[in-house]
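All remarks here apply to the structure that follows.
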Amino acid sequence: MTSTPAKPALLTLRGLHKRFGPTHALRGVDLDLVPGEALALIGENGAGKSTLVKTLTGVHQPDEGEIRLDDRAVRFAVAQDAQAAGIVAVHQETVMFEELTAAENIFIGRQPMKGPPWLRVIDWARMNRDAQAALDQVVDRETAGFTSTTLVRELSLAQRHLIEIARALSQQARVVILDEPTAALSQAEIRDFYGIVRGLKAQGVAVLFITHKFDEIMAVCDRYVVLRDGASVGTGRIDEAQEQQLVALMAGREIADIYPPVADRRGPTVLQVHGLSHPTEFADVSFELRRGEILGFYGLVGAGRSEVMLALMGLNPDASGEVRIDGKTIDIRRPGDAIAAGLAYVPEERQRQGGILGFSVRHNISLAGLAGPRSAIGQSLSRGPWLSAEREQGLAARMIERLRIKTASQDTPLSGLSGGNQQKVVIAKWLGLEPRIVILDEPTKGIDVGAKQAVYQLIAEMVEQGLAVILVSSELPEVMHLAHRTIVMRRGRPVAEFAIGEADAETIVAAASGLHLQTESAT
Amino acid sequence: ADKIALVVKAMGIGFFDATHQGALEAAKELGDVEIIYTGPAKATAEGQIEIINSLIAQNVKAIVVSANDPDALVPVTKKAMQRGIKVISFDSGIRKDGRLLHLAPSNNALIGEKLVKMSEQVVGKTGEIAVLSATAQATNQNTWIAEMKKVLAQPAYSGLKLVSVVYGDDQTDKSYREALGLFKSHPNLKAIVAPTTVGIAAAGKAVTDEKKTGQIFVTGLGLPSEMAGHVKSGAVKSFAIWNPIDLGYSSIHLAHALVKGAKAAPGAKLKMGRVGTATLDKDNEAAMAEPFTYDASNVEQFAKIF
Amino acid sequence: MKALDTWERVLIGLIALVYLFFGLTVDNFLSPYALADSTFNFSEKALIALAMALLIVAGEIDLSVAATMALASLAMGYAMQAGASLPLMLLAAVATGVACGALNGWLVTRWKLPSIVVTIGTLSLYRGLALVLLGDQAITGYPETLSTWGNGSLGDLFGLEDPTALIVPIEFAVMLLATLAVGLFLHRSVMGRRVYAIGANPIASRFSGIAVDRYRLGLFIFAGVMAALAAILLTGRIGSTRPNLAMGWELDAITIVILGGVAIEGGRGSIVGVALAAVLMGGFTFALGMMNVAGIVMSMIVGALLIVSMVLPRWLRRRPTPKLAAQAT
Amino acid sequence: MTRPSLNLRREWILLVIIAAIALAVGARAPVFLTLRNGLDIANDSAILAILVIGQMLVLLTRGVDLSVASNLALTGMLCALAGRAWPGIPLVVLLAMSAGIGALLGALNGWLIVRFNLPAIVVTLGTMSAYRGAIFVASGGAWISDHEIHPLIKGLPRETWFGLPALLWFAAAALLFGAWLLRWRREGRELYAFGGHPSAAVYAGIPVTQRLLMAYTLSGLLAGVAGLLWVGRYSIAFTELASGFELTVIAACVIGGVSIGGGVGTVGGAALGVLFIGVVNGALPVIQVSPFWQQAIAGAVILISVALNAGSQRQRGRQILERHEGTVSASAAPPAPPATPVPQGNRA
C-alpha cells in the first residue's frame, strides 16, 4: 500500500502537529511532494487538510514536526516566506480583493516596479499585460468574459476561482497547492482545469491537490495521501487504488453505497409556484411539489437556482409571482412568512448564511425555532417571551442524537465543528421547526463522503416522514440518484424537466449548458 | 485649616489661573485657609456638578464658583448649603437661591458702556462694528452684549452700527474663521468687539494676518499677557479687563468671612482685605470695580502679572 | 452569552479594590452621603449606556444619544412653556426621543448605511437643531417634582419622616431598575437571544427568519427612549435646559459599554458587565474628584483605563499574537 | 487600472455640487467668488486636507483614528513648549519634532491595535482622552499664547512660496504623497487589499502587521505636522485645541467617498470632501446664516452625502438573465459565454 516516490522529493513533511487550543488538528502528518507529480490529499471534513495547507504556506506555524524543502529544514513565519520559497496556494476560502482588478489580485504584494531606485513605482502597464498572459493560460480570453483590468467585484464565483488559479500560475512556483479549487467551477471549466494541472506537471512543478471528488483525482493525480483525524493513514499510487478502498481509508470503515434507496410515496401537491420572476435574476419559474417528493434543481453554477429559492423564502424583495401552499395563495414578504407557511431553507453558504459561528451548537439549533414568530414549535421552545433552558437543551440533545452530530458538547461553538457537522447543525435548526417543505441548497458542497452519505440518509428519512424536499445541486449524480423529478435551469430560466431515470447524464448536462454535445467516448 | 474650594468654568484658562493666584494670596494673609483650585475639563455645568458633589463629600468649608450655567448648579449648591457649606459665586453668577452672595467682577452696565466707548475710540462717531462672542450660552457675555445694545441705542452713539453678532465658541480656529467671515461680509467694518479672551486674541491674529491693521481694530476683554503682542502689532489699540487677581483675592475673603459667621444679607458690608469693602445689594450681589483699560502705555507692565 | 463571566468577576474585583483603597486613603469616601452622591456621576450615563450596549451587541452604534438628550429636554421645556402638565411634558420628551431614534434607525435600515456614519451626522443635526431652537436661551422653572426625581432620594419619594432613612438616590434606583429590565430582556428573553444572533451574524439571522431590520429599528428607538429618560432625570437634576446639555456623553457611554466587556464588533457582552462598569467608573472618578484631580487628567486616566482593561486580559493569557486570519474565519 | 465609472461619476457630482454652492453664495455675496476668498478657503482647508489623508489611510484598513485631533493638539503643544524653551531652535528641528512626535503617538495606536488585536475604534477612543490629558500634564494647564509662540512657528503658515501660501504647499504635498502611496506603491495597494478582505490579505502574503502600523504611524505623523501648522496659524496652544475636530476629519472622508467599511476611496475624492467642508464653512459666515444653524446644516450635509453614496453603490451587482438590447450600462455584467458550440463531452 505504501509507495515511495520515484524521484527525490522536493518538499517533505515529517511528523507535523498543529493544535488550536483543545483541538488537535494535525497529529503527525508525513508527506512527500515530487516535481512533476500531482499528489491528491484526501480526507473527510475536518481531517485537517486545509490546516495542513495553511501550515505549509506560513499562515499557521506547526507546533511540532519538520518541513524540509530541497532537503533543508525550513520555517515560514509569514505567508510571504512560503511564497518566496516557491510555494503558492489556492486556498479553500476564496481570497479575493473585490475592489481591486483581476491583475492586481494576481500580483498583489509583488507588483512589477519601474523607475529609478529612489522612486520605484508600480508598472501598471506591465502588470496588466503579465496578468492577462497568466489569465490566457487558464481560460480562453473570448469565453472568460473579463480581462485583467476588470474589477473583481463584478465577477462571478467561478470567474474568481479562475483568477486565483492564474495567480498561482503566475508565480513561477515550484509547489502549487490547490485546496478544493473546483468547487465553484462548471464541468467545462473543470476540464480546462485538468489541462492546467497537467501543464504544471509537465513544467516540473509539484502539485498538491485537495478535493472531495474522485473523478478529479483519477483524472489528474499520480499519488494520494489519505488524512484521517489529522494524521496520514495511507498513501499509494492512484492507478493502483480502488475508490472503495480510499473511502474506507478516509472514513476508517467500509462505506457501501452512498446513495440510500428513496421510496416513492408521493402524496398530494403541497407547493405550487407560478410565474416567479425577477427583473434581473430569473424569469417564469413555475413548478409543483408533492408531499414525500424530492424535486431536484440542476444547473451550472450561477444558473439562478439559489436566487429562486431566496425568492421563495421572502429573501428576494424584487421577485414577483404566485406561490400557493395547499392551494392557498400566500404572500411571502419576509422569511418569517415563509417559515410560518412551513418552508425551511438550508442555504448554500453555510458559514455566512447558515450558521452563526460564534454561537454554541445548542443556540444554533434553537435559533430558527426561537426566531419564527408564528411557528408552532417556537412557542414550545420558550415560555412566552422568556427562554426556557431545559426545552432548548432538550431540542438540541434530540437533534444531535437524530442527526448524529459530532460535537464535544452542546456548548461547543459552531466554529469548532468540521464542515459536515456544521451542515448538520444548520439542517437540525430547521428540522426542529418541523417544516413541511425543506429546501436544501447545495447541501453537500465541500463535505466529505461520510458526511454526504449522512445527509443523503437524512433526505431519505425526511421524505419517508412525508416532507417535501427541494434539492438544489450542481452535482449531477446527486440529483440523478435522489430526485423524483429534476428541473434544469439555465441563465435564470427553467429549460427542461426530467423524471427519475428518464434521461441520461449527457442529456441533462446538454440542457443545462445549452450545448448540443456530440457524444464522445470517455477520455 | 479651613478648606475653601475655587471652582472655575474650566481648567487651563489664563483668566482663572490669575484668580487662583489672588486666592492663594488671600489664603496666605488669612493663615488658616487651604485653597482647592479645581474645574471641569470642558466648560459644562454637568462637569461642575460632579466636582461640587465631590467637594461636598470632602466637607469643604466654602465653595466659590464661576458658574457655567446660572440655573443648573442651583440644586447641587443648595444641597451643599444644607450640609453647612458656604457657597458664593464670583465672575459668572449662580441664580439667587443657589448661593449666599455673588461677587461680580464689575458692573454689567459699566462693562457694556466700556466696550462701546473703546470702540468709539477707534471707530470715531460713525461706522460699523461687530461682536465676536464666546459660546451662544455664555451668561456673562450675553449680558454684556445686551448692555452694549442698550448703550448703543442712546442718541450719542447713533452713528455706531452693530452689524452682526457671531460666536467663536471660545475655540481659536472657529473664532478666527468667524473673524475672517466678518471681514468678507462687511467690507466697511471698522471694529470687532470681542468680550472674551479667546475671541479677542483670535480676532487680533486675523487682523494681522489679513494685513488689515489700521483699517479694522479689535477691542474687548482680554488678558494683558495674551494681548501684549497684538497691542504691539497695532491690531488692538486698547482693551479692558478687571483685575482677576483681585477678583480671586476678594472672593476668598468673602467666603472666609461667611465661614467665620458673617451673614450675607442685603445691605451687609463685608471686608475684602486690601481691596476694601463689599456692600451687598438687594440680590446679595456686590460689584468689584470698573474694568481697567490697557493700551500700549501699560500693557507690558501688566503682562508680567496676569 | 452568560450574564456572569470571567470579565464580570474581574470588574467586581476592581470595584472592591477601588472602594477599599479609596475608602482607606480618602476621608469620608465611604460615608453614606458620599456614596449616595457618587451615584449621580453615573446614573444617567448608565441609562444611555444600557441602550448603547444593546445596540453594540447587535452590531450597531449610536453616537447621537447625547444630542438626542438635548432635544428631548428641549421638547419637555417647550411643553412646559406651552402650559402642559407634567405627564404631557414627559410624553413630549419621550416622543422626541422616539423620533430621533426612529430617524437613526430608518437611515440605517432603509438606506443600508453604517450606523457610525449615520449617527455622526445626526449627532451634528440634533445638536444643531437644539442650537437653532434655543440659541443663547435657556429654559428654566421646571416643576418641583422633576427636581425631586433628579436630586431626591427614595426617602423623599416615599415622604419618609426622616429623609436620611433611605438615602438611595431616585436616579440610582431608576438605573438599577432599568439594568434589571434590560438585563432580563437581553439574557433571558427570546428577543434578547435574537439581538445576540443579529450581532453575531446578521445574514444568517435574517435567513433564520429574524426580522433583522425591525430589531435594528427597535433598538435605535429604544436608545431614543432611554436618552429621553436620561434627559428627564438630568433636566430634573439641574433644573434647566440648554443646547449643550450632556455634551460629549456619548463617548462616556461607549467607554462604559466597552469597559463592561461588550465586544465592539457585536455579538458578545453582558448587561451585568455594563452596570458594573458604570459603577466602577463612577466610583473611580468620584474618588479622583475627592482627591481634586483635574477633570482633564481624570478623563486621561479613564482613557488609559479603557485601553488597559482590554490589553490586560490578552497580555495575561500570554498567547502569541493572534493571527488576523482568525477574525474572519 | 480602470476605475469603475461609478466612482468617477460620484466625484464629478460632488464637484458640481461644490461649484453650485460657490456660485449660489457668490450670487448673494460676490466677495465669495474672489481669488482672495478662494485662497482663504484653501488656506482654511489645508490643515484639514493633511489630516484627511492620514485618516483615509486608516479608514482604508477598516480602522479609524479618533485620536487625530488630540495628537495634533499634543504635538502642537510640545512644539510650542520646545519653541519657548529653546529660542534658538531651527525650523527643521521643529518640523522633524512635530513629525516625530506625531508618528510616535500614531505608532502607539497602531501597536496597540496589531499587538493585542484590538478594535481601532476603542483603542483610539482611549488614546483620544489620554493624549488630550497629556497636554494638560505637559503644559500644566496653561496657555501658550501669541507672544510666547516661537516666531518661526508663527511664521511658517504665513510664508509664501512661489506665490502661494505655505499651507497650500503642505496640503499639496500631503495629497501628492497620498496619491503616490495609494496609486503607485505596493504598500498603498496593500492597504486597499487589506481593507477589502483582511483574512485574504494574510493568505496573499501581505505583511499585515507592518501595513497597519504604517497606516497609523502615517496618520499620526500627518497629524503631528498639522499640529505644528495649527499652532503657528492661530499662534496659540492650549489643552482644548482643535477638540472635536476628529469628527470633521472623518466627515470630510465620508463625504469624499472613503468608505468606513474599508478598501474603498480615492485621494481625489477625499480632497473634494475637504473642499466641500471648506466651502460650506467659508460660505456660512459670508451669507450670514445664523451661527446657530451651522451645526445642523453640517449634520444634514453628512447624512445626505452618505445616502447619495449608498444609493449609487447599491445599483451594482450581477445579472443572470439576458439583458434587452439597448440597455447596456456602464457597470456591465460579465457577458454570457458564446452560443457557438465548443465541441466537448461530459461524463458525470
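A, B, C and D are the chain letters, set down in written order, and residue numbers restart from 1 in every chain.
As a convention for this text, contacts are C-beta pairs under 8 Å (C-beta built on N, C-alpha and C of every residue); 3 or more make two chains touch, one makes a residue touch a chain.
Labels paired with UniProt names: A = Rhamnose ABC transporter ATP-binding protein; C = Autoinducer 2 import system permease protein LsrD; D = Rhamnose ABC transporter membrane protein.
On a predicted model such as this, the values are computed, not experimentally measured, just so you know.
Chemist: Counting C-beta pairs in contact, does A-D beat B-C or the other way around?
Modeler: A-D
Chemist: Where the centres are mean C-alpha positions, what is the separation of subunit A from subunit B, in Å?
Modeler: Roughly 73 Å, centre to centre.
Chemist: Could you state the distance in Å from the CA-based centre of subunit A to that of subunit D?
Modeler: Comparing mean C-alpha positions, subunit D is 41 Å from subunit A.
Chemist: Distance between subunit B and subunit C based on Cα centroids, please, to the nearest Å.
Modeler: Centre-to-centre distance between subunit B and subunit C: 35 Å.
Chemist: Nearest whole angstrom, what separates the Cα centre of subunit C from the Cα centre of subunit D?
Modeler: Going by mean C-alpha positions, subunit C sits 30 Å from subunit D.
Chemist: When you check subunit A against every other chain, which residues touch at least two of them?
Modeler: Answer for subunit A, listing residues that touch two or more other chains: 59, 93.
Chemist: List, in ascending order, every residue of subunit B touching at least 2 other chains.
Modeler: Counting only residues that touch two or more other chains, subunit B contributes 10-12, 41-42, 136.
Chemist: Where in subunit D do residues touch two or more other chains at once?
Modeler: 136, 141, 197, 199, 201-203, 239, 292
Chemist: All pairs of touching chains?
Modeler: According to the stated criterion, the contacting chain pairs are A-C, A-D, B-C, B-D, C-D.
Chemist: If we count contacts the way the header does, which residues on subunit D are in touch with subunit C in the complex?
Modeler: By the definition above, subunit D touches subunit C via 64, 112, 114-119, 121-123, 125-130, 132-134, 136-137, 141, 197-199, 201-203, 208-209, 239, 247, 250-251, 254, 260-261, 290, 292-300, 302-303, 306-307, 310-311, 314.
Chemist: Per the contact definition, I'd like the list of subunit A residues that touch subunit D in the complex.
Modeler: Touch list, subunit A to subunit D: 57-59, 78-80, 82-83, 89, 91, 93-101, 103-104, 108-111, 113, 120-122, 124, 128, 142-143, 145-146, 149-151, 153-156, 159, 187-188, 191, 215, 278, 280-283, 302-304, 307, 476-477, 480, 491-493, 505-506, 509, 514-523.
Chemist: Report the residues of subunit D in contact with subunit A in the complex, numbered from low to high.
Modeler: 1-2, 4, 180, 183-186, 189-190, 192-193, 196-197, 199-207, 263-264, 316-322, 331-339, 341-348
Chemist: Please name which positions on subunit C make contact with subunit B in the complex.
Modeler: Counting only subunit C, the residues touching subunit B are 27-29, 31, 33-34, 37-38, 40-41, 131, 135-136, 138, 140, 147, 150-151, 234, 237-240, 242-248, 285-286, 289-290, 292, 294-296, 298-299.
Chemist: Residues of subunit C touching subunit A in their complex?
Modeler: Its residues touching subunit A are 1, 188-194, 196-197, 200-201, 203-211, 267-268, 323, 325, 329.
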